[in-house]
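Chain lettering (A, B, C, D, E, F, G and H) follows the sequence in which the chains are written, and residue indices restart at 1 in each chain.
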């Protein structure tokens, strides 16, 4: 394909103007996953309108961090939608995907569960088989070692941790799989809202660890899904039918 | 496997005491890749001693950021070693691996080349097929669009950028593959040694992007290799022979 | 003009003491635009009193970030005033200006709209013709490329973006006009309330980009107007009549 | 023009592969100014090679922050090139442009002169008429007031200041022209390498001030030129002949 | 006086244990001013109890940043106390002092008035004659120049400013008196709650400027009083009678 | 003990899965103190369930920073539990320990009392004899010197201070015992929520001072107890009976 | 005096253009002290030229932080000049002033001596009588208490401290005089080049402390002189004769 | 003891004026350990003079971070002094102490050895028995588990780590002894010279961990010694004989 052809493919891509938003319907073709809706800063009616258009087109809508009002409005408009309580994620889909591979989501403490849930629901919604291991922080190593077989069987491991963010380094030393680290804002004082574990994870002594933004369970689940299915998401081909 | 069995496997692992260092020979078994040597802060004689022991055991040694004296000493001791000039990485290996898959390393400017080289050499040394695209920053988009076919063919894309670090977001919007972003320290003033692109990459509007530390080409190449080969590194099984 | 004459011109300038405020009525003469009122931290009665004096003198009042109570009081006192809902800006003017030139205000996401509106209303109130393009973030480049003709026709482009703040660099690579970049606080975690896009914009690889404070749509609209009309604001000469 | 046509125009743009660099020859067409070369991090031979290709194509080369070795090599290769001592900028051009408009570059102290020179040389090289006023910091206001006529005659004012960076606010209160503020790293202690004046300028109480990165005289001069000539640079049309 | 005698004087100093507080009654002897009460974090009953004991002993109580409940309780317990509305400072004193010298408190904008009031009330309560000049920010220099005679007549000038904090530098260039600069938290975005003007004031190009913490009107008024009266506070000798 | 035996001991350790939590019952054996419950981010029912299980197993539960609802639920479920009002710590224990040694908790101001209480209650609950000295900040040295005998008699001193955090340095110069410094968030402006005293304490000129996180009274009390009893906590052996 | 007259006085003030510098000869009239020369960033010939002009006009020149080459050139040009070794300050004066009042400069450690010397020499050069007390950090309080009589006799105290910067708080609690605190860069790690003591001093619990920039002995000495002589500097009237 | 008696004891304490230094000879009486000399910023002759006086008085001198010239001068002046190469610490002592207790110094990587040595030498010089375990970072847990018996036998554990600083949390979960964590500056990029592990250690999920400044092996060794010997240092009583 020549550059001109590539550029043409980009420029002729379908999009839809809603006035307050420009929906990128070509995204699913281009990247394998339809546009995801970031809840904060959108009115209730905006949310429902955007979700309706995306659902009609792709059969799959993921809304992250929906406010209580926003998710109630979505549930009224789409009675078959599902809201996950800890993380506030809302999922609409026309049909369930056949789950593939194996993503393991590990978290250090119970306070990290909302972020872990966001990661797990995202990866599963996109078509990955997901398992979770919770509350296995490094101050009690045997809790993690007890799950060593599950660590070994995953294709990719998402590790969610607040406080000092040490868990990804320990996990990274145990497995031969990609590890995606998610710092959380769980902590206080010199934690600076997640800066402490973020810096820790970026400086990990275990090689091969990559990091996402503080509390970005969605981003970690999305990346983990891409790794798990070998890049190309089945979600792209399935829900179109 | 019970927790006790898992823990036993860990604790009985072979290691070697050099006095100033504790070599983790079991690492290759556990994670698929032997220990890598971080050059800074090690004396010339330490470097050669460590490299000798690791080479004898694993047939593969990777030394990153070797000083000129350090790499000269390594090249004298191991005449078949190879030093890469831009990045200062030194590689010793008993046999070449058959390269698999496809990792694409993209960089925004020519000043980012040392970091891009570190990523490319790391991934290739571990057994991945690697291609590079250079100097395609976002201020001249057509330079990137010209390589769209190569972007599509890679299993994972490493994107290296300094200054504002915008390139990973643009690449992430074009491909359906995992994107690993590497901020570099190329910049000045309010760049704060790489903080600016690091924050940009962590806040990317394109989902699925994961990030490594500033200038950490090694970490990005390592992670990209794990993603490329589906987790388990062939390096583990090959060089043992 | 000698320094002494210049200084005399400054020192004899008209001002008006309100006790809690010192109104700079000479400002319109000196800079072409009357004083603008920053809403936060002023009581309702202060706001109305200041607006009354400025209106009487200049025929044009711009109040930014008015609180709900503040803008209601202004609307009661000046029934012909107009409040813009997203940005909270309130405008009073005796007569409409004939709009000149062309300012284009581009924003990356729907959450950036309040800041974009503040920029657009400011520039238009001062006498510039303004157009807006919304929700064209860099993760879907075709949405921006579709507006290339409008980019080319503007005399100055204001680019509003949160998250990683990459959009100004891409726009700056496409046009031969001054680009004014506005970072927004849209984001979370390592976004640090707009620090991430602020740093990105200050380090842009596209030359000619200048930057204003986080969420400072007013400042960007004001500067864009000055650029658009060749410096001197028509607002100065018109509303005096 | 349709999006597809726009994208085609982008993708068919001429570029030139030098292996270590991808020259964007279309840049002059697209933005009115050819690519500018950032000196740091490039080898002497790279610099000369890049400058040769750009010169052959555009007849105009601007190299910023060239090292002593780099600029000597450039001067050997291009005997008619000119190096400016304070700022280290090197200029090659086939023919002098006819200078237009008026850009005023003001600096607060003698230590800010290198940055002021970079701004002035950049704007003049691109085709703007430039004047300079130096050492007029706010602790001795009469030094600035003595130049009030020149402030009034400029189409755009670049204000360069280190320490507390107060000068742009004072200038912004005196003129009805766009003011571009450049913080410098002149200072110590809690100056943090230019952070103090950068923050001051971003928070200026005088509206219409836009800001560039610390010590970025080049960026300020480039933006000032675009404003001065009404956006489109004459440099684009002239040196092609 | 020998060290031992000095230490004895310290150690035998009177203090009073309230259980939750250790009142330093010797402070007035040692430093010329009785202990001042910082309101935040103290319960209503604590506030009243502490004020009662200090009043009985020193005849002078200053409570800063009292909460609405706290100051109401104080006003009920001490009907002759006075609360200043903008700053929340509460003053109890047995007798008015004869005011001495002259402290000038200048502020840049109306939003800085609460901090300016805290400074003015503190200095006056301790026995200084105080004048105020308000809303004379540097974007309209003539407003400040109109007060030049008052600047010249003061023994010490307190300058309160938010946003970029440029006013102290301009004042410092006009007077031959000590200037005490107070940054305020008035601003947004890259203001970081007062960090921007704090850094600006610490880096002022006008010599002789000293700085206090953000919003610390009390500290500035206290220091200004000490400077104004030549160090030793008359408050110490007067209210004892 | 061989590594394998050590690892077995770790891996066979008892733990209890509550679904949302993994209780580390072996902790008391391993470290001498049972798991402590960090209140924030846990639901009321979670808190009660976790406390019940830990109490049944260890006879000692410490819940820090319980919300009002959380501590009420705990008090309903365990009528003999005790809640400390200032710090919000809740303690359940089957039997009182015989207190040993001597820990002195010193605080600089009354606003630091909540953190000092958290430290004192923690150390006492674990089995240390604790004394407190309050409101002895460095601006009135004689208040501290009056307690010099108690400083000398303690085995370890916890020093709690906000504002500039100078007290640990002064105490550290007076005693020959370990000093544990706790910065608090008491302050404003350039205090940055405790960063100022944290940095001060880390840079203390008095040797032997160690530091915990901002407001971390619990951590300081825990460490002080370990030092006081010579490492091994009696709590471990007592409540098992 | 009317505003117009004030402005005229400013604008007619004498100044001298050196091309690279604009000397503010009116400064001595306006503020009581002639311009001071900040050494860094000026060439040797610039330094000598500026010093010559200032000396001819005012009979007093103070150059701070002169480089070794710069101060040698000054000493060659002005054989009667004096260079102070620790601080690098160079002083030229036509006649010695009669010293007045009393400034006490206290420093915490021997490493702080260069900054203390800069403060002491500045104040003395301007006409203040200065005493120094050195190496009396808070970890050994008796060293400071031994000098209590000198603390009491000073009109103003400059306190210089690195590390945690606690000394000003202790001094401020002992005296009834203005205290000017100077943080130094003496420290390492989490000292961040003086940030730790700077923050500590800004947050001091002792009221009346004002602060200057890190290592700014000059500014502290200048301000102390103004306080010591009651504002107006004798230096202004003396050396003119 | 009354406060007055306590204060007298402080004020009559012996000290020695060296002009540039005030030696605190009473320190050994007051705190059990003589003054320690911080090498940086002291001239060679200062170092020797201070060491001579301290040695004569206390029979024990510890100089940290001596420059090569400084330590050579010390070794010439005191031929029996000992210099430790990695850390640059120099020790002079009249007689060896009988070592007591057991301090364990653990470090994560070979690059952390200089800091670990500083801690070990400090504690041993003061009279503690010290053991070291090196290069046992968390990415290879079995290396640490192999030393579990030694961890259990120590009275206090010093843990030195750079990069992400995770090791103290893992050690803290394994032992029932006080753990003193030392972050090091080993790392790059978003490590910020040790900030990353410093924050991690302050936020550790393992209770009882206290922290010292970056690279402050001396402080950690000093504190560990105080803990190890139960507070009072034998060094105080021994070397006086």
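Criterion: a contact is a pair of C-beta atoms (placed from the backbone, for glycine too) under 8 Å apart; a residue touches a chain by one contact, two chains touch by 3 or more.
Because the structure is a prediction, the values reported are computed rather than measured.
Counting only chains that touch, the fewest steps needed to get from chain E to chain H is 1.
Annotation of chain B and chain H: jointly contacted by A, F, touch as defined at the top.
Repeating the A-F interface with over half of its contact pairs identical by residue number, the matching pair from E-G, B-H or E-H is B-H. Same-residue interface: chain F and chain H share over half of the residue numbers found at their contact. Each chain gets a centre from the mean of its Cα atoms; the one farthest from the centre of chain B is E.
Among the pairs B-C and B-F, the greater number of C-beta contacts is found at B-C.
Here the CA centre of chain B is 37 Å from the CA centre of chain D.
One inter-chain figure worth recording: chain D and chain E are separated by 46 Å, centre to centre, where each centre is the mean of the chain's CA atoms.
Centre-to-centre spacing of chain B and chain G amounts to 52 Å, using the average Cα coordinate of each chain. Rounded to a whole number, the gap between the C-alpha centres of chain A and chain G is 58 angstrom. Among the residues of chain D, those touching two or more other chains are numbered 3, 6-7, 10-12, 27, 139-142, 145-146, 172-174, 189-191, 195, 198, 202-203, 213. Chain pairs that touch, as defined above: A-B, A-C, A-D, A-F, A-H, B-C, B-D, B-F, B-H, C-D, C-E, C-G, D-E, D-G, E-F, E-G, E-H, F-G, F-H, G-H.
Put simply, chain G touches chain C in their complex at residues 2-8, 10-12. Against chain D, the residues of chain B that register as touching in their complex are 110-111, 113, 134-136, 139-143, 145-146, 186, 188-191. Interface residues of chain E facing chain G in the complex, by the touch rule stated above, are 1, 3, 6-7, 9-10, 27, 30-33, 36, 142, 145-146, 148-149, 155-156, 172-178, 180, 198, 202-203, 207-213, 218-220, 222-223, 226-227, 230-233, 236. Residues 108-109, 137-141, 163-166, 169-170, 172-174, 187, 189-192, 195-197, 199-207 of chain G are the ones that touch chain F when the two sit in their complex. Partner chain F is touched in their complex by these residues of chain E: 10-13, 15, 20-22, 24, 26-27, 38, 40-42, 46, 183, 185, 193-195, 198, 213-216.
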